[in-house]
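Dropping a structure here in structure tokens format, bear with me for questions.
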Amino acid sequence: MSDFKAFDFRTRFGTKHFPSPIFTASGCAGYGRELSQFFDLGELGAVVTKSIAVKPRSGRPTPRMAETPSGMLNSIGLQGPGIDDFLEHDIPWLQKSGARTIVSISGESIEEYASLARRLRSVTGLSGIEVNISCPNVENRGLVFACDPIASRSVVEAVRRNIGGELPIIVKLSPDVTDIVAIAREVVDAGADGLALINTVLGMVIDIDARRPKLAGITGGLSGPAIRPIAVRAIYQVHSALPNIPILGMGGVASGRDALELVFAGASGISIGTATFGNPTAAIVVKTELENLLKERGFTSFTEAIGAAHER
Amino acid sequence: MSGINQRAIQKSVEVLSNKRVGSYHHMVFAVGEMAARVVPGNFVAISVGGPSSNLILRRAFAVYRASDRGQYGGTIELVIAPHGSGSKWLAERDIHDRIDMVGPLGTNFGIPKDPVNALLVGGGYGSAPLFGLAEILKNRGCRVDMILGASTAGKIYAPLEGKRSVSSLHLTTEDGSAGAKGRVTDLMVGLIERHQVDIIYSCGPMAMLEAVDKVAMSHQLMHQCAVEESMACGIGVCMTCVIPIRDESGTIKMSRSCIDGPVVDGSKVVWGSSRKIPEGTWGAP
Amino acid sequence: MSDFKAFDFRTRFGTKHFPSPIFTASGCAGYGRELSQFFDLGELGAVVTKSIAVKPRSGRPTPRMAETPSGMLNSIGLQGPGIDDFLEHDIPWLQKSGARTIVSISGESIEEYASLARRLRSVTGLSGIEVNISCPNVENRGLVFACDPIASRSVVEAVRRNIGGELPIIVKLSPDVTDIVAIAREVVDAGADGLALINTVLGMVIDIDARRPKLAGITGGLSGPAIRPIAVRAIYQVHSALPNIPILGMGGVASGRDALELVFAGASGISIGTATFGNPTAAIVVKTELENLLKERGFTSFTEAIGAAHER
Amino acid sequence: MSGINQRAIQKSVEVLSNKRVGSYHHMVFAVGEMAARVVPGNFVAISVGGPSSNLILRRAFAVYRASDRGQYGGTIELVIAPHGSGSKWLAERDIHDRIDMVGPLGTNFGIPKDPVNALLVGGGYGSAPLFGLAEILKNRGCRVDMILGASTAGKIYAPLEGKRSVSSLHLTTEDGSAGAKGRVTDLMVGLIERHQVDIIYSCGPMAMLEAVDKVAMSHQLMHQCAVEESMACGIGVCMTCVIPIRDESGTIKMSRSCIDGPVVDGSKVVWGSSRKIPEGTWGAP
């Protein structure tokens, strides 16, 4: 079915244009090195790196994962080398590799987000910042920022103030809230150029032989095809409320058809997360399938398809 | 290219044979060029469950043997223990079925330059990667003694062709149904002293590896072991498979057993760290 | 493995004892008739009936369902004959059948819940009332009661006031909230004898050929094994906060192992919902498997196992 | 007992044969006592995907033929169109595979006491239940004319043994690859008048049933049709499969096509109600 009429696959977040709407999902592609053996990272809109913190983090003890029906739970605990090490070793490699890079940051306080933004301000050649606010706020009884409109807003204001320039800020929201649109409005109001939907859903598995939670971290984040209907719903709700804010959609996308569902719901880009664990080349498979599905349906550019399910 | 996973390829491979051996299935796959890239200790990651499966993650299996010549071209052999849904699904595949395989992955057993006396210790299907290793050591002129243990006879995997490359093979079972009643470690000291063992290689359950490492330590012997942690991706991107390992500088880091392992230096592992982060680990809370 | 030592399978909600901890889930067993061909309804702890409203309801237009990976979406819209017809035709049949009955009620205003409670007050032989508060409150911009602690509390107070006597009130909560423990505390405080966890998770599927939401109701409720980790987490959280409140657990239970996960998390009973669609005898299969798993683990009574995963 | 689903049983049944016929698979199952309970119009519900499948709902299939005598005891035959994951999985089953079947389910075609002239209209695999019906009508001394339509020849299911029981068989395809180019309704009026048709039976896509009903109405003919709505449970407990139907009193109710159908009186159906609740439906918002 795929014809040869030129097809424009580009998409945009804030000031940045991307040649492809397929991205990696933070925490599901490391810092790029591991996947570069399987495909050219330049094929992606961008590599979204594992959320980086101010200091090195050991992450949580093992077991860190449990497979669930059509999904998995993870409790990694944001393991990472910290921003200094990251800027010294990982960013340079990514830039040499020819990949566009969106850096995901995570903090335990407003000040940590601010200082991460300051560190990234000086880095040239980045395509954006993804702000992971699904992290416990040590200054507020460990309440997750993303669950509190005010805390979410403050994080984004702090990042906006410190990042300066025109680097797009994409804020990643948690689905574990009563009203995701309310949170979306706050962070957009605070200066977010785009939104990433959705982070994992809080879940738990019990080991019925050991009679205790399977994960050392007790609860974990549910991801994979099991949560796709939740992602589609969140994207649809937020896109209807804020039609002009680009959404980086994710949640159980493993095929072009899955991706198209999120695009029709309102996503301007698609991140591939858990699917990469089942298939190292998942991002490329999705990219190829999505392009063909769009062409078969007579689209001449990707952007025409964004939010198409809202039209009637 | 980063160097990580650099020998890995992804391929739809055909099942050439599937035979039951004790509690296990010995399976052979036509893998073409993948075979030539395998070194003992490597593993492969296989998708399981078929098209509309609810199992979304690959399953990891150590390579038992790999050969790049032969009538079917390159082949890889695995020893599968039907454990849960995924491994059972794999063990039920018929000849000519195709499965999706990524490999070879992970680190491999280091081979000493000069001929040495090696003791190979395997638990359950953990014997699988040791036979390929034994063959290489043998060809390098090493003396190779092997201890294989399991809970019961059916869970010891010790095929004839494998035995050829070892100087002596000793079995232990916890129920005494084969070999000596007891654990692999009961026989280690005797063999280490009798044959002036220089290096120990091991593969099996974590608890066994830890016990083997204690013995290795007490005799100041090098110990290379293949660890087994739950893996979601097998290629280094998910951080689920970590174990605490001391680096050169002595810093403990949570290292990915899929790319910094499965074969690691036993003396560098901080044992017994399931459900806790060892004191002083880099970036510990 | 199953030995012959007497095993006590009973469980309790409020003042009522049930010979079995396996129940149907509201909306997944009609009013009992349909399943009576496949097994003796007396084998169940109780039949939990499809939520009944004051007036007849046509429900939503079709399509009303979409299958999703290891789950399904439904948007039935609480179709039913209304309380009068229900009391005249369905309750008598259930009572003749020898089934114990828990009546699930749903309303669009506090007053509707109150009047449903008044109607049920006079009915003899009921085993309990399940209050489905995952319904839009017409008096408050259609905001779902279960998403608002105050509205949830008012519903339960109204039911408590009007039901009189000692009929157990089990309040069914929605997982689509930021803090399910807060809601649980409110309704328990307002007089709930037990809690039912969890109702479906709000989701959506898009028909990529029709370019619109698959369901006529646009969004729907996600159920089945896909949501089990969310159910286990919710039950675990609520049981740790309120260890003395019995929980009727549900969400993707299709086997005895699934049920045991929820029991160890803190459930005093298990409702079987979507699993019945895949297997009419699912409830009986789960019951038998659960009994064997408990015996294999040396339990002599079901109640010993409740919340066992919290002990270490 | 309530009467609902009263003839249904659940059984693990064996695949006796699986043959491709045009775009379809004709499959035979050894179902024992289930066969004797089937009446034309009934359907069965089958679990698909196997043990670790992500498909959690049964799939509904109309019974093509059922026979309770024969070397394999009771058998049920189905005509399967490989559509999505579930029906494809079923169509891929081999002889001796076992599947879980619940049936017979739903209402059946009403059979007039006296010999009448019947016109049977089927679309695609919708012809399946009509052949069993034709046989019964024939034995009751009825004249049976049949029109089968589809988009293209491969999608018409009209086996030889089936043809025996009809007085005349007419085909239509939208692409003209078999029979007359066009739709089943193009041929209806002619046949109705030529053979003084008293009753119409139909099975196929909703749009076709609606068109057939228009013709039936305009000739004041009884019309029994087997509808096809998406079903989650097939046994009346989920309320997903409803269609608006007028009851005796004229009230429109959203009725379950799995237990109050699939065979319904065409004149009672409120057609074209997908994505809307008809005005005046009982309990409409």
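By letter and in written order, the chains are A, B, C and D; residue numbering begins at 1 in each of them.
In the analysis below, contacts are C-beta pairs under 8 Å (C-beta built on N, C-alpha and C of every residue); 3 or more make two chains touch, one makes a residue touch a chain.
These numbers were taken from a predicted model, which means no experiment stands behind them.
Q: Which chains lie in contact with each of chain A and chain D?
A: A chain counts here if it touches both chain A and chain D, which gives B, C.
Q: So, comparing C-alpha centroids, which chain is the farthest one from chain A?
A: D
Q: At what distance in angstrom does the C-alpha mean of chain B lie from that of chain A?
A: Using C-alpha averages as centres, the distance is 35 Å.
Q: Nearest whole angstrom, what separates the Cα centre of chain B from the Cα centre of chain D?
A: 56
Q: Identify all positions of chain B at which a residue touches two or more other chains, and write them in rising order.
A: 54-55, in rising order.
Q: Enumerate the residues of chain A that touch no fewer than two other chains.
A: Answer for chain A, listing residues that touch two or more other chains: 69-71, 224-225.
Q: So how do the chains connect up here, line, ring, star, complete, or something else (other)?
A: complete
Q: Quick check on the complex: what are the chain D residues that touch chain C?
A: Chain D residues touching chain C: 1-6, 8, 10, 47, 54-58, 100, 102, 229-230, 232-243, 253-254, 259, 273-277, 281-285.
Q: Across the complex, what residues on chain C touch chain A?
A: 68-71, 73, 147, 176-179, 201-206, 208, 211-213, 219-220, 222, 224-230, 232-233, 236, 252, 257, 260-261, 264-265, 293, 308-309, 311-312
Q: In their complex, what parts of chain C are in touch with chain B?
A: On the chain C side, the touching residues are 69-70, 225.
Q: Which part of chain C faces chain D closely enough to touch in the complex?
A: Contact set of chain C toward chain D: 27-30, 32-38, 50, 55-65, 67, 69-72, 74, 76, 79-82, 93, 97, 216, 224-225, 254, 274-281.
Q: Show which residues of chain D lie in contact with chain A when the two form their complex.
A: 54
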